[in-house]
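Worksheet for the structure shown next.
When the chains are written out, they are named A, B, C and D in that same order, and each has its own residue count from 1.
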């Protein structure tokens, strides 16, 4: 009887003399010929991106890489302060905050839009007016259900997230502007008719729409936000190495701690 | 008295109407104009890379992104299997293996070479023979101390790591071939004279030398291996979503568990 | 103007001469007088447990501490193998698998039961027949909705999870047997009438019911499973230090990797 | 040919009808009969602790469980704020700070003392004066090497860590006061003669000495600090669920961020 244990993979294997990545020879076909962004796309989809898809993908990664002193950056800096011997621990701690409240918007928006777009079938002939109709229906349904439209609204950029129009433009130039971005932009044009007030389309949301139109897997959109954020966290840790702020944050909190007895 | 609390940073800040990254306006100056690799370099160093530095940096990231079923990939897949609702947890678990035994070689090699190179001062006029002399001394010192030269040797690619010559070539073409790569290549040429056997220069080691020559901070070289690996882990998780192997690995181990009583 | 920054906490504070924990003096009132299990309960609830609550809480922790080569144990061992310098990373990697698929059952069951029990108001006079009626209704509702009753069924212990009857007995002896355990036990007695087949009440589920009856916060039940599992992971890492299996698992997977081209 | 794959373990295995832990039947021999602290000791050492060892072990866990708003507690709270759906991520982030700077003292002290004690052989007949001689030599050697004695000194409790005398007393009462605690206490008595000033013996250090004397494995002492800390982190997260401070800390930092251009 042959033992049929086998762990299939399409990513990478290696032997004594070669390293294969995605079915290619890493040394001769990939190194120096594929950018890191392109490889990341390829690894996630097992398809090489078109130049337009790659341009949008890189722009999305850039837009999500950092937002200053977010809770995730603070967690990473605190962890580095406590355990400077483990850079991997500090980055991991930062990424662990990549959940529903902050980084989750990208994935939530992409999946929300895709779920509406998919049943529409071929939308290649849709005009803005068609998308506006879909958008009005989408927002009205969300309102009736008491739920929010993911990606609509921003706690800080109340007059408009500066990343949003640029991302639409890049996607148009790159010929990657598809149904998810179309619907998201239409939501931006029409939601005030339903909600009675104008909210910004936020940059993390447009990132999700753009990733979906660029062909990235919906179930992993959060992963790309995490990849982007890893670059930002490295920046924070480099800064923490040269000009630390974690000790000041710690002292600020510790010095202003106040004991409160439980009420029961 | 003014309260002087202040948390300085050179990375990013945002206001209602703008997002600044590295002192630039994210929307108008960065998005669509800077690749993700370029931004990652910039965030880590606060300097924009030259085209040559960027080319080497991207090549290094590509070379480190994935190596198939490494322990870190297995850990990430296991974690995804257990907690599929938390992609960030699976990626973090994978990165946590980015320590001394596997990913550490990149940083160890870069730091080892830099420590030898630094006291040499200006080495721009060094010929190969000069580097060979330094290399012989370096290997002889390591041998005398009973320590290993980081980056020398590879458990699998015993006849030569296929990435290594390509990386030297890319660095030369990009005009980024500097003292760390020079010394590392000289170690490759000369170590057999001291050690009595020929070992390959490994790809993770040459990555460290290249990052050092490309101007990345030595204290964070492991961070770049982690950034690269994040892309690989996303590939593994995408595959785990469509064609999971974690359940098979788990079953293989669980089914072949055997209780062994302690000896005391 | 007074700066009113303040970070209230009921957990701990310290000054030059004393350390306070939960409003008590750590050195004179806690050390040597409170067991670790008792302190863990106290920290989570800010109430000292009754002896019965503590007995049930410790029994639950013990029941959840380890299950051999689970995916989380494998992830922790793989991470330790890759980064032996960071025990905290290996434990963290193991805990990150404490999500919905394995450890989540405890929290899901506790919350599910509590949501049914709460609207019932005072159930102190309920007899078994009353709980059976509630249970039948609960299972029938879940069946009608096509959802599962958390904690019902087990992939391995198909004839009954050996932990379950012992936990019911401990809770009865400790006088902590309350509405959640009552309902869970009634589900065990009655579900076959609705589902047409007999499923075991699983040990992670009864743990959730017991934690709820013992007064632990429902929103943190998963946290106790993680605390318990930390002890198990330390056991695995101790074993990995003396008799490692991670290299064998890695080799098994790596040696049986097989490249499969993508289908698109 | 027999396939000899096998993954030995002394921790746990399970079959359809039973769960074995440490070679015992979990349901009938462990549940309700072994406290969580006792199980944690047993898992780590594969030996059941004596009552005295267990008393010291539980006291050490209690002493290390929490210290208020430490960097690790802040990291855990930040992570919970960002990703409230993943309690395991928040706890993992907190534990990742369990590294060299804060939690490391316990392991460093235990290992440092054990390395000095081991070559002494049988010290059962040592009187205080003998330990004082060893201690003087130990401190003098450290001073000559320019290194610090781990566990000596504390940033806050400059007049003495209140946990330290209590831990010595508990160990004496429990008959677990052995060579590591003896040497540590002697260092406390004698170091001022060498260093010219009096430093406190810190509580994390005495914890390491006590764990060593209680028979826990030196290579995992950090693991016990992490186990203890898990209970503290659960307390912080319970508080964050009811009375969050993470949003205030985030706002404090974000509002006081100040952009500083790089100097190069």
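By definition in this document, contacts are C-beta pairs under 8 Å (C-beta built on N, C-alpha and C of every residue); 3 or more make two chains touch, one makes a residue touch a chain.
Predicted model only: the values in this text are computed from it and were never measured.
Touching chain C and chain D at once are the following chains: A, B.
Here A-B and A-D are compared, and the pair linked by more C-beta contacts is A-B. Note: centroid distance chain A to chain D, computed from Cα atoms, is 38 Å. Each chain gets one centre point, the mean of its Cα atoms, and the points for chain B and chain D are 32 Å apart.
Look at where the CA atoms of chain A average out and do the same for chain B: the two points lie 23 Å apart. Looking at chain B, one finds that residues 5, 7-10, 13, 46, 68-69, 83, 85-86, 88-89, 92-93, 96-99, 103, 243, 245, 249, 252-253, 257, 260 touch two or more other chains. Contact residues on chain A toward chain C in their complex (touch as defined above): 5-10, 13, 20, 23, 46-47, 83, 85-86, 88-89, 92, 96, 252-253, 256-262, 264. In the complex of the two chains, the chain C residues touching chain B come out as 3, 68-72, 74-75, 78-79, 81-86, 89-90, 92-93, 96-104, 243, 245-246, 249-250, 252-254, 257, 260.
Looking at the complex, you find that chain B touches chain A at residues 5, 7-19, 21, 25-28, 30-32, 34-37, 39-40, 43-46, 55, 58-59, 61-63, 65-69, 86-89, 91-93, 95-99, 103, 156-160, 162-163, 165-167, 169-170, 203, 217, 219-220, 222-224, 226-228, 230-232, 234-239, 241, 243, 245, 248-249, 252.
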